[in-house]
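Heads up, the next two complexes both have subunit A, just with different partners, subunit B and then subunit C.
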Partner chain A sequence: MRSIKLKAAVISLLLFLLFIGAWHMATLPKESTSLAGANAEYAALMGKGAEKSGGFPPPLEVGQAFVKYLADPFYDHGPNDKGIAIQLGHSLARVGLGFFLAVLVAVPLGFVIGMSPLLLRAFDPFIQVLKPISPLAWMPLALYTLKDSNVSGIFVIFICSIWPMLINTAFGVASVRRDWINVARTLEVNPLRKAFLVILPAAAPTILTGMRISMGIAWLVIVAAEMLVGGTGIGYFVWNEWNNLALPNVIFAITMIGVVGMLLDMIFGRLQQLVTYRE
Partner chain B sequence: MSAHFLIVEALKKAYPAANGQPNPPVFEDIHFHIDKGEFVCIVGHSGCGKTTILNVLAGLEEATAGDAFMDNREVRGPSLDRGVVFQGHALMPWMSVLGNVAFAVKSKWPEWSKEKVREHCAGYLEMVGLGDALDKKPAELSGGMKQRVGIARAFAIQPKMLLLDEPFGALDALTRGTIQDELLKIVQATHQTVFMITHDVDEAILLADKILLMSNGPHAKIAEIVEVTMPRDRTRAGIHHDPQYYKIRNHLVDFLVNRSKTYAGAEAEMFHDAKNPPLVRPGLEGDRAPVLTLATERPAPQLKQAINQ
Partner chain C sequence: MSLHDPFDPKTTISNCNCGHHDSQTQHDIAMAGADAEALNSRVLQTTVMRALFPKDAERRKFLSAVGASTAWAAISSLIPFGTLEAMAQDKGSLEKKDLKIGFIPITCASPLIMADPLGFYKKQGLNVTVVKTAGWALIRDKVQNREYDASHMLAPMPIAMSMGVGSNPMPINVATIQNTNGQAITLHVKHKDKRDPKMWKGFKFAVPFEFSMHNFLLRYYVAEHGLDPDKDIQIRVVPPPEMVANLRAGNLDGYLGPDPFNQRAVYDEVGFLHILSKELWDGHPCCSFGVPADFVKQNPNTFAALYRAILTAAAMARDPKNRPLMAEVLSPANYLNQPKTVLEQVLTGKYADGLGGVKNVPDRADFDPFPWYSMAVWILSQMKRWGYIKGEVRYKDIAEKVYLLTDARKRMAEIGMAAPKADYQKFKVMGKEFDFNKPDAYIDSFAIKRT
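Let's turn to the complex of A and B:
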């Protein structure tokens, strides 16, 4: 077991080095002899800039961006220049708030729907129609009614997080083993105790799976939403750096999005383990 | 109302078929009674509705027709007065062994302190030989141990009646034997009233005072009530030496193999009165020819009863 882990780590490292090496080779500066006379003159007039911004950034340049941003993640030089931690913090706050509101709605509602086959059927058409709507499609409506880009971003997270949690909670609650319900019935357990001590723990692994899926989607959506509404956040940062044509920064931001997404998923994986029971 | 502790009258259950039409009833005209402190087993082939009868008594299912009364009160819905041991132990896997029993005990006596609940539960778990597995999770226990927890949980709420749905069906023969012994000891000590489903004829003879024999479904009925006339202080090791044992056993096996299917149809009603199923005592019968050879020309059950009296 241990040796497999070690081998896998070595292979991962090799793959990473291979990738960086290939990237480096592909972005080596080309000889600028191909420039025709007029173009060379023009380039000279424009200074060194023309040569510098051409082509994909090599790994070294991206590495410098990493060092620069990670060295001081908390600086704040006005609305267009904030540290990476501040940007990520804004995104995480939006995701956290939208997700939390979605939990408050989806889990109790899913519980009620899951307990009643009638309600499950009654709600089903709405869920089926609303679920496949891209969360960003809600943005115009949200901006119009909520009149605030920040709140609209939170709303978009809310609306995209709610469906997997709602569906999983309802499914988990509906498929609690008949035997356990019967035990609670023969013991004349009151409904509240039954809900919290029997149904909730029994359905918890399924509910947590729904939350994990929701969180994954929310993190995907926040980047797009922030590109749209602007202001703050990691998505806005990516878009801003694209407008500056600072590709090393864009690559840095993309990596950060991936790392934070992975950490969020790990947190929910851990929570899932906590509530999973072995039969 | 009569003095019987549990009375079942004209119970009938029919499940609706897929097309909405009612199916023929699984069982009908079920009449029997259980006295306080009695251990009654019900034996019959699969599909005769034994589990449904038990579920009706537990209040988990509703009968299509008929009534059940316990302690002069109609059985309506589940109640803490009746403890159930389920076929598949039905322990909550996220609770410890103690937690599972405590869940039941707290349901019955919500006002008890934590210490009192723990002490009470530990006592019953010790009774089934699990005194040192209190904090284990059910997943860490063997099948037999899980079923013991189920039994401790049912006993711990001190129900007026215990309902056991084939509690040892999924266990291997050795484990089953030891748990039967334990159950026997506990029941003899507590004089608990028990209604139990089993497929195992030996188990029924070992544990029961009376054995209800059910004919095959659909239209299943109680064909006979066999009284186990051996003294109550039986043991699994010694029971085979009782001369009554094989008489009773042969009678039961003969019923299951040959006679259980003969109670269907109008013709059966001529010799069988479901409202008053004959009470037989094969253990006290004289040494006649083995019952098995009588398969074709057996006397009608009433005649047999007449012979007994």
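Let's turn to the complex of A and C:
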């Protein structure tokens, strides 16, 4: 077991090095282009000779961006230029709030729907229609009605994370083993006790799977939403650097989005293990 | 900048060099416009000294006799300069001090942005946050939501918003024009040999917003060359910051966009400058400083203070020798987030055109704040020409309601800026004269139109 882990790590490292090496080779500076004939003044105005973003950045430049932003993650140069940690904090706060509100709605509602086959059928058409709507499609409507861009961002997170949780909760609750419910009925357990002591623990792993999917989607969506609305957050950071066509910084931000997304997923993975009952 | 100290026995305080101002100090303010606070206290001291010594010769005699510092000590013990200064500053208390102002990261917004790092807002007692915004539609929505107290807007936007075209009606005023000229038609480098607009059939162009000078000027330009902007070319709305990326990706053949994104396309070797907007209409407005009408009504003193801050910045931006400094303060990530050399080329007018030449056009971008009514009438005429508004248009009524020309003139006088006497003026767009008295006849004179 251990040797497999070790081997996997070595292969991962090799893949990474191979990737960086290929990247480096692909972005080696080419012979300076075409401007040889033009005069020196023109070349200076075009930023020749100075450091300048030309084409896809080599790994070294991206590495410098990493060092620069990670060395001072909390700087604050005014409302439109903040450190990476502050931007991530804003994004996580939005995701956290939207997600939390979605949990408050989706879990109880899913519970009710799951316990009653009638309601499950009644709600089904709405869920099926609303579920596939891209969360960003809600944005113009949200901005218009909620009249606040920050609240709209949170709403978009809410609306995109509610469906997987709702469906999984309902499914988890509906598919609790009949034996357990029958035992509870034989023992004349009251309905509230039955819900919390029998159904909830049995459905918990499925509910958490729903939450995990929701969180993944929420993190995907927040970046796009912030690129659209701007102001603060990691999505705004990407957008701002895109304006400046500063690709090293964009690549840095993309990596950070990936790392944070992975951490969020790991947290929910752990929670899932905690509530899973092994027979 | 030399401040004429009333405590200096060698200066006179009766008249100024140029003779247009009551005193040398006021002349200095008019010339500089920048360090308003220091100058204000100077004006005050001068006034007091003049009251004490009606004859200037006596003042000079007195000062030479006792020395300036002794005189200052003696007089300020009698007269509370500090309090007077505070009173002079406090032109009515501010109703609202914390303001949020939106902007799009383009050089058009220079005055309202630079007023922040240069402290012009603070000098007026305002605590302003300038917030970078992703696009014009969002600016419109955030102003309507009252997230922004005032905002950088395209010159036609307040007209469209006030009339309820393309949004719910909400009366917006134009306090000042933010900038004049400073736009260009940029084409993809692959079109270097297609300089004649007649060869542009099927091109995909971008403009920042439907209700923008860019849209109207691009339509005007291609229509003058016989192309129908609705049929022969495609015009898309793309937020300015995304234009270069789209040009590079080949989504666009070109755009009539705001700087720095024209120059940025050159800098990144994806585009070249086909024509500057200045060559279409020299002195055309582009962006404006828009304020909701009810904000103006509810916060008259705050609005006046904001006005002075913006105009002070505009006065500074108009001076060519300040342009390199502007490039410096505007380039950080908090504001425009662009390489300094790109901004310098835009603001100083000495630029690479993307075709291998260096051009020198000092008035490529300017920042004349005066909101001519005739500008608004032209904008309305184009809105009607292209079918954005229909039926009879009361051009002058709308222009005079939306553009705050009288206020602008008053506030400009307050900070010593010269303002034109007229409310309307005739001007030429691509060599064709526009008569503000006959906008409907003007529209009828075009071959390509949607009326």
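The working rule: the second predicted complex is superposed on the first by the 265 of 279 C-alpha atoms of A that agree within 3 Å, B and C clash if a C-alpha of one lies under 4 Å from a C-alpha of the other, contacts with A are read in each partner's own complex, and residues count from 1 in each chain.
In this section, contacts are C-beta pairs under 8 Å (C-beta built on N, C-alpha and C of every residue); 3 or more make two chains touch, one makes a residue touch a chain.
Treat the numbers as computed from the prediction; the structure is a model and nothing was measured.
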Using the superposition on subunit A, tell me whether subunit B and subunit C clash or fit. fit
For A:A202, is the partner it touches subunit B (first), subunit C (second), both, or none of the two (neither)? first
Roughly what angle, nearest 10 degrees, sits at the C-alpha centre of subunit A between those of subunit B and subunit C? 150
Dominant toucher of subunit A (residue count), subunit B or subunit C: C
Looking at A:P79, would you say it contacts subunit B, subunit C, both, or neither? Reply first, second, both or neither. second
Between subunit B and subunit C, whom does A:L264 touch in the aligned arrangement: first, second, both, or neither? neither
So in the superposed three-chain picture, is A:Y277 touching just subunit B, just subunit C, both, or none of them (first/second/both/neither)? first
Looking at A:L228 after the superposition, I want to know if it touches subunit B, subunit C, both of them or none. Which is it: first, second, both, neither? second
Check the residue A:V183 against both partner chains and state whether it touches subunit B (first), subunit C (second), both, or neither. first
Give one of first, second, both or neither to describe whether A:I157 is in contact with subunit B, with subunit C, with both, or with none. neither
Across the superposed arrangement, the tightest C-alpha approach of subunit B to subunit C, in Å, is 51
Subunit B partner contacts - residues on subunit A that touch it in the complex: 177, 179-180, 182-183, 185-189, 193, 197-198, 201-202, 204, 275, 277-279
In the complex with subunit C, residue positions of subunit A that touch it: 37-39, 41-42, 45-47, 50, 52-53, 77-81, 143-144, 147-149, 227-231, 239-245
Can you name the residues of subunit C that touch subunit A in the complex? 105, 116, 129-134, 138, 141-142, 144-147, 241-242, 244-245, 264, 266-269, 332-335, 337-339, 341, 345, 350-352, 356-358
Flag every residue of subunit B that touches subunit A in the complex, lowest number first. 58-60, 78-80, 82-84, 86, 88, 90, 92-94, 103-104, 107-108, 137-139, 157
